[in-house]
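Report on one structure; see the data block that follows.
Naming follows writing order (A, B and C), and every chain is counted from residue 1.
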Amino acid sequence: MNIFKKYIPLALVFVFGIVTLASYYVPHRVSESYMEQISVWENIVFAFSLFLGAISLLYSHYNKIVKKVDGWGYSLFVYLGFIVMIVLAIVANGKISDEGQMTALGWGFNYIYNPLSATMFSVLAFYIISTAYRSFRIKSSSAFLLFIAGLILMLGNIPLGDLIWSKLLGWTHTSIASIKDWVMNVPSTAGKRGILIGVSVGAAVTSLKIIFGIERGYMGKD
Amino acid sequence: MRNKLLILIVFLFTVPSIYGANKTSKNELQKLEIKNFEVLDFPSDRGDSVIVVWDKENSDMNYELYLSTNETNWVKFKEIKSEDKPEPISLPFWVWENTENRFAFPVNLVKVFGLEEDKYFNEDIKNINLYAKIKSVSKNKSFKSQIVNGKPHGNWFRKERINNFVLVLLITVIFFVVVSHAKKRDLFIRKIPGLDAIDEAVGRATEMGKPVIYVPGIGGMSSISTIASVFILGEVSKKIAQYDSTIKVPHYDPIVYTVAKETVKQSYIEAERPDSYRDDINVYVTSDQFAYAAAIDGMITREKPAACFYMGYFMAESLLLAEVGASSGAIQIAGTDVDHQLPFFVTACDYTLIGEELYAAGAYISKEPMLVSALKIQDFGKLLFIILATVLSITFLIMSKTGNIDMIGKILDILRVK
Amino acid sequence: MKDTLNKILKIDRRWLFLLLSLSILIPIIKPIGISSSSISSSVQNMYDFIEKIPAGSTVFLGIDYDPSTAPELHPQATAVMKHLFKKNIKVVILTFIAGSGGLMDELVRTIPPQYGKVYGKDYVVLPYMPNFTAVLTQMASDMYAIYDKDINNKPLKDYEMMKNIKNYKDFAASIDITGTALLDGAWLPLVGDKYNLPILGGVTAISQVGLGPYLQKKQIKGLIGGMKGASEYERLTNEQAKATSGIDALNIAHLLVIFFIIFSNIILLVLKFI
């Protein structure tokens, strides 16, 4: 059992890891075809896992309905949405519009799915205000710095900020927009680069750990 | 400077020879003649390109470049005016040296002659030859060059990436040295409060009799942050199993779902509680970003979990999740390497793992010497960057002041990956 | 006193939601009209760049957003499109986002007629394509290999404006208005950096922060960020529209956030001393 669960996967990762890394340095057509093949295989595996995922989704909601757990009614909507969209997609041959005419699938897409996702995104604004009120505590000097940076950014993002700035601090002959640009271009970009370099180095080392079988988190545990 | 001197010497020698013996018409013809006209294989390519090169004359000469694969059907590839300067080929100096007095045009045979790619690589490449000729025109007089030819070859090494290759080798060697010395000493890792709080969070869930929700984010299994997340999930679920609490893991990516399922199952076995494991701990929800967020928000609102973990790759849904979790009163621990989502997590969660802290989680929790020592390499890498950035910034400053622009270009070539 | 302050601090968040809704709704119904007085440098750069494109040139305009980010990005796309037509620049419109169809349709239905622009002569619309990496790479050599037909299923090559167009070399720039990472994740590395086509774009206010390094290195020539950027662009092009009217709501909502942060911290400070 250990062979299938441990050694074969590790050997596969090692071999494909090294070959894929090598293909980055090999411009030959052979290496190109290898990468094409690998991405085809990846797509195939993904399609199967999507199928597994769908089964898991339906199974877990089936359990909820059968056991009548709290909120089991919502689970009915999972089935409803799932079946309706699949049927519409089959009927419309997977097309959203056909010769300029919106199909039933397109209708579902444009008038159900789109407004729903727009709603979820707009909820963000409400959550931002609630987080700002409840969680933004100026408890330390660094939190104060964060607040000042946030304040500059927010004021710099709105015309009213310009107005307030020029009324109060117009004599400094600067504009809030230019200060905001400086904050974004200098400290913020510097910090972002720092994180980016750290993350990239971390990613490189983690990749080596995976290729050489030291980190095995990706295949479950030993 | 040396090049200019060379040109000058060559010029000094050629001028008298041209003027000395020949008649005027012959002079002009010689001027129109194309020098060092060649078809070279394109370095470091898959085998469908060549470079056509010849010397640029310092006169008012226009060129027309014709190409063919069979010496009968010619294609006019390029027309070059006398004022045109040679366009540099974007290869580093150790692969191709761009000079101001030499034209160099890369030609992709498949594209220029509209060849069928598969057929080209399977059959044509063996026998194909590129023939080139130039018509040079100067003040109503024209001259046709001889026909030159060259053959493209598929290459087995990208010479332009040798700098990157050396760096990878260096990191790998250091990696092995450090890892092989791993067990000899205890290495220090600074405290990461977010990971220390896992016990607290799981304990709280047990006391309250409420579940823990673990969100692995919207990254695929190839994302490093997702891999780290799966590792943490293993540790969290082990603790859950030990305390006999419950955990829910909603998924965005079906492959991550499959892997996480295995991880959680294994953790329950390690904790000697395989009987408590249920198949619906891991649930695949959807691969749509906002629908995923909505589903988890619903889950949090209905089940009022004692703790929420958000570990992995997150985009706009970060605050949608964290704020709902915060308002439900759950203890929240987040971790991501997406820098612009960090502010949302920092404000709405109790603990946040920033960037590499997430990668370090595996080493930190397991305390396995090999993993811990791998962290050392990360630090070494960062140190290297800091030193390089400082030294090179100062060097470039000095070089630009002393006018050593060529050298700056060469150093940048070494640092750049093509 | 202490109890009251604590209560205010722990106020039900639905009251905050109500306040925010009002602060957005009221200015939309009854605009105050505070418009942008300064122009951010990245927007100015974008405007200047388009101003310098010679009339008759062709550019790409990517409409890569769906309804979720449309409130911020649709005004940007509208303002840019108007500017392009005003400058008599030819536009090839395309998208890699399946949900953008309706929005793209609306732009094309309303804007070109205002400037007397004709389909096929001044602009064309390409059909949706899912795999952006393949498409952007292919277009470097021959765009018709991937887009042989336009959105109306007619041969793309036959349109008048496409006569002399084959690949990136025949375009003056690419402008991508996107709610995802297509600007810095696709157009920039696959087209801008590789084939030297100038890349410009428009993104949401949140994503704008992440593009700082590219703007600094001028890899992205110009950028419109969020609704404020859109309103600035409208001001530059003298076409006051949706963004300018939406900016009132943005003003008040931002002020509300600032007010709440300061207010809650003052309460905390007071609580500390009583």
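Simple rule for what comes next: contacts are C-beta pairs under 8 Å (C-beta built on N, C-alpha and C of every residue); 3 or more make two chains touch, one makes a residue touch a chain.
Bear in mind that the values here come from a model prediction, so they are computed numbers and not experimental data.
Trainee: Thinking of each chain as a vertex joined to the chains it touches, would you call that graph a line, ring, star, complete, or other?
Mentor: Per interface graph, the chains form a complete graph.
Trainee: Please state whether A-C or B-C has more C-beta contact pairs across its interface.
Mentor: Higher C-beta contact count between the two pairs: A-C.
Trainee: Which integer distance in Å separates the CA centroid of chain A from that of chain C?
Mentor: Taking the average C-alpha coordinate of chain A and of chain C, the gap between them is 20 Å.
Trainee: Could you work out how far the Cα centre of chain B sits from that of chain C, in whole Å?
Mentor: About 27 Å separates the centre of chain B from that of chain C.
Trainee: Identify all positions of chain C at which a residue touches two or more other chains, and write them in rising order.
Mentor: 13, 68, 209-210, in rising order.
Trainee: Give me the residue numbers in chain A that touch at least two other chains, ranges are fine.
Mentor: Touching at least two other chains: 117, 120-121, 128, 130, 132, 134, 136, 192.
Trainee: Give me the residues of chain B that touch two or more other chains.
Mentor: Expected reply: 290, 316, 327, 339.
Trainee: Taking the complex as given, what residues does chain A use to touch chain B?
Mentor: 21, 24-30, 32, 45-46, 49-54, 56-57, 59-60, 63, 70-71, 74, 116-117, 120-121, 123-124, 127-128, 130-132, 134-136, 191-192, 195-199, 201-210, 212, 214-215, 217-222
Trainee: Using the touch definition up top, name the residues of chain A that touch chain C in the complex.
Mentor: Checking each residue of chain A against chain C gives 96-97, 99-100, 106, 109-110, 113-115, 117-118, 120-122, 125-126, 128-130, 132-134, 136-138, 147, 150-151, 154-155, 157-163, 166, 175-178, 180-181, 184-185, 188-189, 192-193.
Trainee: Taking the touch rule as given, give the residues of chain C at its contact with chain B in the complex, in rising order.
Mentor: Checking each residue of chain C against chain B gives 13, 68, 141-142, 206-207, 209-210.
Trainee: Can you tell me which positions in chain B touch chain C when the two form their complex?
Mentor: Its residues touching chain C are 111, 290, 316, 327, 339-340.
Trainee: Enumerate the contact residues on chain C facing chain A in the complex.
Mentor: Contacts found on chain C: 9, 11, 13, 16-17, 19-20, 24, 34-41, 66-71, 98-99, 101-102, 152-153, 205, 208-210, 212-213, 215-216, 226, 228, 231, 247, 250-258, 260-261, 263-265, 268.
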